[in-house]
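Please go over the structures that come below.
In what follows, subunit A forms one complex with subunit B and a second complex with subunit C.
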Partner chain A sequence: MKIIYTLFLFLFVAFFANGQERFLTKTGTISFFSKSPMENIEAENSQVLSIVDADSGQMAIAILMQSFLFEKALMQEHFNENYVESEIYPKATFKGNIIDFDKISATETPVKIFGVITIHGESQKITIEAIAKKTQVAILMTGDFYINLADFAVDIPSIVRNKIAQKIKVSFRFNHKPYK
Partner chain B sequence: MTAKKIIFGILLLFFFGAIIGYKIYNKPHVNVAQEKAAISSTASVLLEAFSADETAANLKYLGKIIQVKGVISKIEIVNKKGSISLETEALFGSVLCTLTPEESLSIKELKIGQEILLKGICTGFLMDVVLVKCIIKN
Partner chain C sequence: MRNYILTGCVLLGSFQMTAQDLLTILDKETPKSENVVTATFKGTRIVNGHSIKNRKSKELEFIIAHRFGRVNTGFEELFGLDQANIRFAFEYGVTDDLTAGLGRSSFEKTYDGYLKYALIKQKKGANNFPFAVSLFGSVAAKSQKAVVGSERTFAESLYYVGQVLIAKKVNASFSVQITPTYVHRNLTAVAADPHDIFALGFGTRLKLNKRVSLNAEYYQQFDKLVSIVARNSLAFGVDIETGGHVFQIILSNAITMVEKSFITESTGNFFNGDIHLGFNLSRTF
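The block that comes next holds the complex of A and B.
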């Protein structure tokens, strides 16, 4: 057990030792917006972990579902308990590749990110269009995309179906800093 | 006469129903400042619990109001919301506490290295243990 732990620690150190190549944020923002004739629902999570490997252009994101804060307590409760079941699936993740990562400059560059997004235990392939900006000290990525609730087995009861959009707009903003 | 009474009764029922419905719909958020903490702990103990067994720690801490003591290792302001990282004995990982917008106003008075007592709702574990809606206790 101890060996495994030590090994793990070494790997972890190795992973971050050449750290200048890795950019990270622990306070990335993801918000979503559901627009329907009955009411608009909005929630924001400002504790998103996102890591970009500046060598390979790989990107990994982890999101805690309970960190999404809603305007109304009741919406937040329904979201956590009934829709995303955050006690069973506390996290959503994304793993992907930033296409043409080398071409990102210090000015705003449009990029595509291919990857797999996992919400509510269901994984889907996705292509996200983003705007990226890269300097020595920061990689900023912003953008938005739509997800389909049915793709992630999120079941909306018929009584509230006209209050919740089937397609949810997700916006993100990650200001990655070099990992030291 | 009885018909009138019945109609009046039904109207009264609707009226109260509407009030109750409205109250439930506008139910206030948990007020971290007023609620008692379910668990008091230190940053190191909290991180150790999550890195040892995340599933068990989730059961114990997720969604609960936690009071946590620790030493400030990082202060950050993103979107007007302040975040405080608390040092732990572990090599990696800390306890990341995001303050409420009101509490964020007093973040300027804090210094790195200072010991602090915070209260907030635990939402889980990424690289750090994450708390939302934190208030500063001292």
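The block that comes next holds the complex of A and C.
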């Protein structure tokens, strides 16, 4: 009988924890910047979904590629059609762990996030340095990092090679609120 | 001992649940957005005729297009290159859905203006719709001086074209378009020529790779001019995308690029070698 109680207790705890301690945003911002001698290209997506599990320090991000807005419509079309192939790979995702999540306080705390980022169907391990702030009602995370286009099999033809940087700077800002 | 193992299993199971769940939750929370299908065609033309593609709002495009003479004219005419019809045009995105264009062709010194409106868009996701519909209307005015004895008024120099463009992007590399067309001319060369001609256009593009596509276009006329040996328009094109431009290389049985003209006034027999080499160059501002 004792075992049944123990099991129920754990299940209850697990369930309770799942339901209560998550923080989510649907309006996270990710922008990227490509700097090259010929042309600077910038795009922003402010409909990024991000979730943090405050129990385990796990984090997941889902990005709809078609929601990136560019200065020029033609750039946006080329981005979706030729580079990230949004029709085939509509989403980019990240799943990982925030290291030392418990140490994040109500003031800005530098943290490392370790995980796997998937863009254009290609997955890469990545460590991201971020600034985090945690209160009872919000978890704010901001930061930037660089990705290498070649790591994600994004092919840049020679004719535009001096217009598009190989290393792209990605900036993010997620203000998570309690989920449910 | 058994208890510990069981407890361990449940613990592991519940942790596993947490680990797997985060992305699944995000999937569930993703708003059901409607995805408008874009880039059905790369250019605003399939080959000679219009595609459903519009210029974006406030985008100005300058187009220079050439059609050379027939390739079967031989070496003396350098396979048609000695002769050329040139059309230059400005096309402007009034809104994302409405494009206006003004052009001038050297052939018969023709001015043309058009409006193209995206009525219905092909959509995936929330408000799924299987194809796109655009409306197209153009007016062409012939300004070449008439020969003595057959002078015409300005109204008699006008031609009107109305089209319904129905297009579907079947998949990332294959798109089709059906184009019911109505052409009206105010003045005909001979009394037996019809003032109104209905035609049905078929267009398609096949992407060979991310930047190159092969296009084909055919207009079936249901009535033909009798004053000339009118043939149905047939044309093939290759679209090459180079950053800010789309470059089109064209083989066509028509030397003209204005709708009223290539649809109803083509006389070339494509399979007899009456082929006009041409290209469309565009620069977007």
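Please note the rule applied: the second predicted complex is superposed on the first by the 161 of 180 C-alpha atoms of A that agree within 3 Å, B and C clash if a C-alpha of one lies under 4 Å from a C-alpha of the other, contacts with A are read in each partner's own complex, and residues count from 1 in each chain.
Please note the rule applied: a residue touches a chain if its C-beta (ideal position, glycine included) is under 8 Å from a C-beta of that chain, and two chains touch if they have at least 3 such contacts.
Note that the structure is predicted; figures quoted are calculated from it, not measured.
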**Asked** In the superposed arrangement, does A:74 touch subunit B (first), subunit C (second), both or neither?
**Response** both
**Request:** Pick one for A:170: touches subunit B only (first), subunit C only (second), both, or neither.
**Result:** neither
**Item:** Contacts of A:87 with subunit B and subunit C, given as first, second, both or neither
**Value:** both
**Request:** Answer with first, second, both or neither: which of subunit B and subunit C does A:46 touch in the superposed model?
**Result:** first
**Prompt:** A:138 contacts which: subunit B (first), subunit C (second), both, neither?
**Reply:** neither
**First, second, both or neither for A:64, with subunit B first and subunit C second** = both
**Request:** Please work out whether A:126 is in contact with subunit B alone, subunit C alone, both, or neither, and reply first, second, both or neither.
**Result:** neither
**Asked** Is A:156 touching the first partner subunit B, the second partner subunit C, both, or neither of them?
**Response** neither
**Prompt:** Per the overlay, which chain contacts more subunit A residues, subunit B or subunit C?
**Reply:** C
**Request:** Using the touch definition from the top, say if A:26 reaches subunit B (first), subunit C (second), both or neither.
**Result:** both
**Message:** So subunit A touches subunit B in one structure and subunit C in the other; where do those two contact lists coincide?
**Reply:** 13, 26, 47, 49, 62, 64, 66-67, 73-74, 80, 87
**Request:** Name, in rising order, each residue of subunit B that touches subunit A in their complex.
**Result:** 24-30, 58, 62-63, 76, 78-79, 81, 83, 85, 91-92, 96, 98, 121, 123-128, 130, 132-133
**For the subunit A and subunit B complex, residues of the former touching the latter** = 9, 12-13, 16, 26-27, 29, 46-47, 49, 62, 64-67, 69, 72-74, 76, 80, 86-87, 90-91, 175
**Fill in**
In their shared complex, subunit C is touched by residues of subunit A numbered 2-3, 6-7, 10-11, 13-15, 17-18, 22, 24, 26, 47, 49-51, 53, 55-56, 58-62, 64, 66-67, 73-74, 77-78, 80-82, 85, 87-88, 93, 95, 155, 157, 159-160, 163, 179
**Prompt:** For subunit C, which residues are in contact with subunit A within the complex?
**Reply:** 2-3, 6-7, 10-11, 14-15, 17-19, 21-23, 25-27, 29-31, 33, 35, 38-39, 56-57, 59, 172, 210-211, 241-244, 284
